[in-house]
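Several structures are given next for inspection.
The two complexes that follow have subunit A in common; it is paired with subunit B in the first and with subunit C in the second.
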Partner chain A sequence: MSTLTAVRLPSARLALSVLAVVTFLAVAGGTVAPHDPLLQDPDLALRGPSLIHPFGTDYLGRDVFSRLLAGTGTTVVAALESVGVGLALGVLPGLASLWLGRTVEWVLLRAVDAVMTLPFIVFAIAVTGILGNGLSQAMVAIGVLFAPLFFRVTRAAGLSLTRAHYVEAAELFGASRWRILRTHVWGKVVPTVAVTAAQATGGALLAVSSLTFLGIGVQPPAPTWGGVLASELGFLSQQPWAPVIPAALIMVAVAALNALADAIRPGGAA
Partner chain B sequence: MSTLLAVDGLDVTFDRHRVLADLSLHVQAGEILGIIGETGSGKTTLARAVVGLSPVRAGRITFEGTDLTALRGKARRAWRRAGQVQYVFQDPLRALDPQHTVARIVAEGLVVAGTLDRAAIDARVRAALAQVGLDQSLAARLPGQISGGQRQRVLLARAVALQPRLLLCDEPVSALDASNRNHVLRLLADLRDRSGVTVVVISHDLSSLAGIADRVAVLYGGRLVEQGPIGRVLSEPRHPYTALLTASAPSVRREHPIPARALRPAPDHRPVAAFGPDACSYASRCPFATQACVTAPSTAGSEWSVACHHADAWRSRLAVGAMSTRRTA
Partner chain C sequence: MSSSLTRRSFLGLGAAAGTATLLAACGDGTVAGPGGTAGGTLKWGWSTVTSWDPVTSSAGWDVHLLSLVYAGLTKLDEKGNAVPALATGWKYDAAGTTLTFTLRPGLKFSDGTALDATAVKKSLERGRDFPKSLIAAQLANVKSVTAPDATTVVIGLAQADYQIPNLFAGKTGMIVSPAAFEADATALATKPVGAGPFTLTAYVQNAKATLTRNPDYWDAANIKLGGFEAYPLPEPATVVAALQSGQYDVAQIPGSQVEAAKAAGLPVQVIPSLVVAVLDVNIAKKPFDDPKVTEALRYAVDRAALLKTAQFGHGDVAYQPFPKGYAGYSNSLEGIYQHNPDKAKQLLAQSSYGTSPVEVVITTAKAEGVPEQLQSQLNAAGFKATIEVIPQAQATQLVYVQHSKALFVDQFAGRDSAVQAFQVLFGKEGLMNPGRQTPPELADALAKVSRTPLDDPSYPSVLQAATAVAVKSMPNVFLYSVPRILARRANVSAIPEFTAVQRFEGVTVS
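Now for the complex of A and B:
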């Protein structure tokens, strides 16, 4: 099934609709927010949902709905940043391991094995501890840890192509490795990498939310999805329903990315 | 005729397994040479070694004086871009990029060579498609959208678009029906007659070579066992294995037919010696093998050569009973 055909599936359409809303909010979330996401009003602290505050208020009286809208951009950009780093560090070395000889292959495989032993969150905490507590640093750390995933997937997709007869035919025409990669390999590797990137973006959304939940990356009072979740969890006894809203938002966005990835997966959409 | 391609003392080894052993073969300019042998005899490896796809352990492959085995890096790429030798793969479905159109596939070698502009490449592609008898309307199709016979001709068109001087065709008709098979074989003969292209056709089917080849080279176990003018080799084979091949091909007419049964070892046949890696490659299966066959025979003769210690004697040892049983049957 082609990617275009897959997009006609109901699940893919629903996923794309959700992602379109998330993208809109990432771009314009701050401007469409009904209230200032940073405006504190102690008199309105920990209020339940109302017409003025649809998702209620947090412990400082800030509008949760506005904070979630305004935090979308930071959260999504951070997730995409880590996936971008993972793609850059994973895809090209994955292809290089197939085409640049046994020495390069051996070195890259051992490097990837080493990186794969590192735990996500602990590594991110260590990196921000060394490089400073910023969201970019944390996301680069997460991206580094995503790299083995993209490396393995790219390598697996390209492995069968190295000895494909049409690749050998191109070699016999005197085509350069770069041309062979561009014309015969890239188009066959991209769908698999795209599926992995969609799934990884879901994972990155969770990771950035987890990190901001731990106070790593984004500093208060800047809003993020994970930050809102963290603040709501602190008042679980007063408002047990409150963490459900940011958690559901994260879950819906991750589910949409996974559904889209599943729909465009080569030969596996159903 | 002058020698276009010379293979001398070629050894190819995969993981310590010797696939080709001390193989020497010359291809004359303008001829159609058939290479025949059973599966695993080294036919494809020989062709792939010529174009640089199989690792050569020893020996030389020269094309009009250019040592192809010595080419590396940029020099090899430049040689390949000149397109003088083209290899036509055995399996058209695997040799054609499923995401590229027929026109793009046929144009690839010309685009890589970079010597022609777009219009000239398009003209060459149209001419190549016409040359192999493919309709121009197929140019926009993908390999999965055309038939097996058409795919085989696309492979040929991709090769002839570069106007090569030597065409190596690996089992070009093995997957085709009789009609398409004859068409492709006629195409190869036409190419030689009209364009003067030297053609090497690899096949496991003697009958498909009988109509078009000028000469035939017979491989067995990675060694050349016999080569010569196809008419003479088929009618009076000098190697027992060639004789078995011709006897096993019902469509090949022979003047003095020997039944295949007479050329196979009897069920209770015991080899006269333990034949090691340096023995005649056919010795363990040969009913005429003797102690002399523990060493590989040298290839004797130039126009028609045979590698057998008993090339002149094995016919006299044919089992009379086996001959008569078949004739009366």
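Now for the complex of A and C:
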């Protein structure tokens, strides 16, 4: 099934619709928020949903709906940042390991093996401890840990192509490596990388939410999905329903990315 | 931390229940004869300590756990008055410069060595002279300690100071076994040897401290508990569930959980304490090197709003270091820096910064809550505030030792002696005076407090005058009092309500 056909699937359409909304909120979330996400009103603290505050208010009387909208951009951009870093550090070395000889292959495989042993969140916390508590630092760290995923996927996709007849024919005709990669390999590898990127973005969203939940990367009072979830959890006895909203938002976005990845995977969901 | 009931604790509970049943059959359900047996282990969700050595402990509220394993010559009663402990009594000379304590006979440390006048002398001298001592400043006035006989300790003071009995009721006066610190002083950080109501038997740093009853404690007859387990402060969101499940018998809970605890059927005690939330302001650092900015800060803070959010209304707005009802509490200071953002703006306009927003960094160990609210309040009053989060483990070093932060969101745990509290908050060497400056008029007022006997009718007014001088001349911004809110399971008897150190005499677990 082609990628174009796959996106016509109901699950893919639904996922794309969700992601379109998330993308819109990431771009315009702060401007469409009905209230200033930082505006405090302690007299209205921990109020339930109402017409004015659809998701209620937090412990400082801030509008939770507005905070979630305003936090979308930070959360999504951070997730894309880490996936971008992973792509940059994973795809090209993955291809390089196939065409630049055994020494390069051996070194890259060992390096990837080493990086794969590192746990995501702990590594990100350590990096922010060393480089400073910023979301970019944390997401670069997460991106570095995504790189082995892209490396291996790219390498696996390209491995069969190195011995393909048309590639060998191109080599016999004197085509350069760059030309072979560009015209004969890249097009075959991209769909697999795209699927992986969609899945990785879902994972990155969870990683961003986890880190901001722990107070790493984004400093309060700046809103993020994970940050809103963390603050709501502190007042479970007053508003046991409140953490469900940011948690559901994270869950839906991640599920949409996974559903899309499933749909566009070669031979994927039918 | 495991929330489940371990096999060992289950067996322990079973054994305790069996013992209680046997004792009940004999009469009183929880009996403890003098130095005899007792039953029940109390699991306390409270905090762990920075060190089990009172001389090197760096946190004010370590005193609560340390008082389980150490005893002093005196202790404080519920009202904060010094009463006999290891000493049966004390007497000042006419000049107030010599203080003679009489010890109880036959006292022992938990290592079995004798706790006599010589041991007291060595322990106090170590607190004063040990190079790494964090209580040395409080003992600087102690010129000499002599032990003319086994039960008499004579304290020679450089200047008259009637605060010593109160001072000795806290960390400063905890008596440590000389045999222990002469053998290996560093080991005391994890293996304390004192003569308190309990003995530490196991300790996992930042996780759990296990203590058993000390039958040789001078007041063992009033210690009904057979053991004690102390855990770090529980998570606010889960503390009520942890109490219900039996993970803790007693826990300190935040104001936000009071209603939830009551709804769960847990008895809740809101105990007035000496703890007060405060901003440590460094007047040696910009922008607070400008007095107008420091003054503006006092008016920029809406204490009532902070109290409502942070404590859910439990406690009082504070403009001074002492709570209402304490001898040093001055009525004249009530409302002195009432929230007035317009006045704060005016003061900032008169400062060297003019009308442009004054940049200030709020340093804290946790950004959520008060720091966020403070940032909003300061921004509304002409400041441009940002929040800087530092790890709790580094706060002591960065704020108290290096004095590298201009504004730190802090809590003052209170001290047993009013003068000691002044020294910590306002003294030139005070931990919470990062600017290291003390005006002469405050030093004079404090000297007068020290010279005034605590039973002198003029003592409250002298102390209140010193409080007024401190609040008006020092940059510390007091925010609100922090009562000790304890929730407990129904099988635990009421916890005695001490404003200073929490004590557990008479407490039972059935």
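We take it that the second predicted complex is superposed on the first by the 270 of 270 C-alpha atoms of A that agree within 3 Å, B and C clash if a C-alpha of one lies under 4 Å from a C-alpha of the other, contacts with A are read in each partner's own complex, and residues count from 1 in each chain.
We adopt the following convention: a residue touches a chain if its C-beta (ideal position, glycine included) is under 8 Å from a C-beta of that chain, and two chains touch if they have at least 3 such contacts.
In this text the structure is predicted, and so the values were computed from the model without any measurement.
Asks: After the overlay on subunit A, what do you see for subunit B versus subunit C, clash or fit?
Replies: With subunit A as the common anchor, subunit B and subunit C both fit in the superposed model.
Asks: So, A:S136: does it touch subunit B (first), subunit C (second), both, or neither?
Replies: So A:S136 meets neither subunit B nor subunit C here.
Asks: Who does A:G174 touch here: subunit B (first), subunit C (second), both, or neither?
Replies: Once the two structures are laid over each other on A, A:G174 reaches subunit B alone.
Asks: Contacts for A:L38 in the overlay, against subunit B (first) and subunit C (second): which applies, first, second, both or neither?
Replies: Second partner only, subunit C.
Asks: Contact-wise, after the overlay, does A:Y59 reach subunit B, subunit C, both or neither (first, second, both, neither)?
Replies: In the superposed model, A:Y59 contacts subunit C only, not subunit B.
Asks: With both complexes superposed on chain A, which partner does A:G187 reach: first (subunit B), second (subunit C), both or neither?
Replies: In the superposition, A:G187 contacts subunit B only.
Asks: Quick check for you: in the superposed arrangement, does A:Y166 touch first (subunit B), second (subunit C), both or neither?
Replies: Only subunit B is touched by A:Y166; subunit C is not.
Asks: Take the Cα centre of subunit A as the vertex and report the angle out to the centres of subunit B and subunit C, nearest 10 degrees.
Replies: It is 140 degrees after superposition, to the nearest 10.
Asks: Tell me, in angstrom, the smallest C-alpha to C-alpha distance between subunit B and subunit C in the overlaid model?
Replies: In this superposition, no C-alpha atom of subunit B lies closer than 55 Å to one of subunit C.
Asks: Overlap the subunit B and subunit C contact sets on subunit A and report the shared residues.
Replies: Common to the two interfaces on subunit A: nothing.
Asks: Of all residues in subunit A, which touch subunit B in the complex?
Replies: 164-166, 168-176, 179, 183-184, 187-188
Asks: Which residues, counting only subunit B, touch subunit A once they are in their complex?
Replies: The touching residues are 51-53, 76-81, 83, 86-87, 89, 91, 94-97, 99-100, 108-109, 112-113, 158, 162.
Asks: With touch defined as at the start, can you tell me which subunit A residues reach subunit C in the complex?
Replies: 38, 40, 42, 45, 59-60, 133, 215, 219-221, 230-231, 233-238
Asks: For the complex, give me every residue of subunit C touching subunit A.
Replies: Interface residues on the subunit C side: 236-237, 240, 256-257, 259-260, 263, 305, 308-309, 366-369, 371-373, 375-376, 387, 389.
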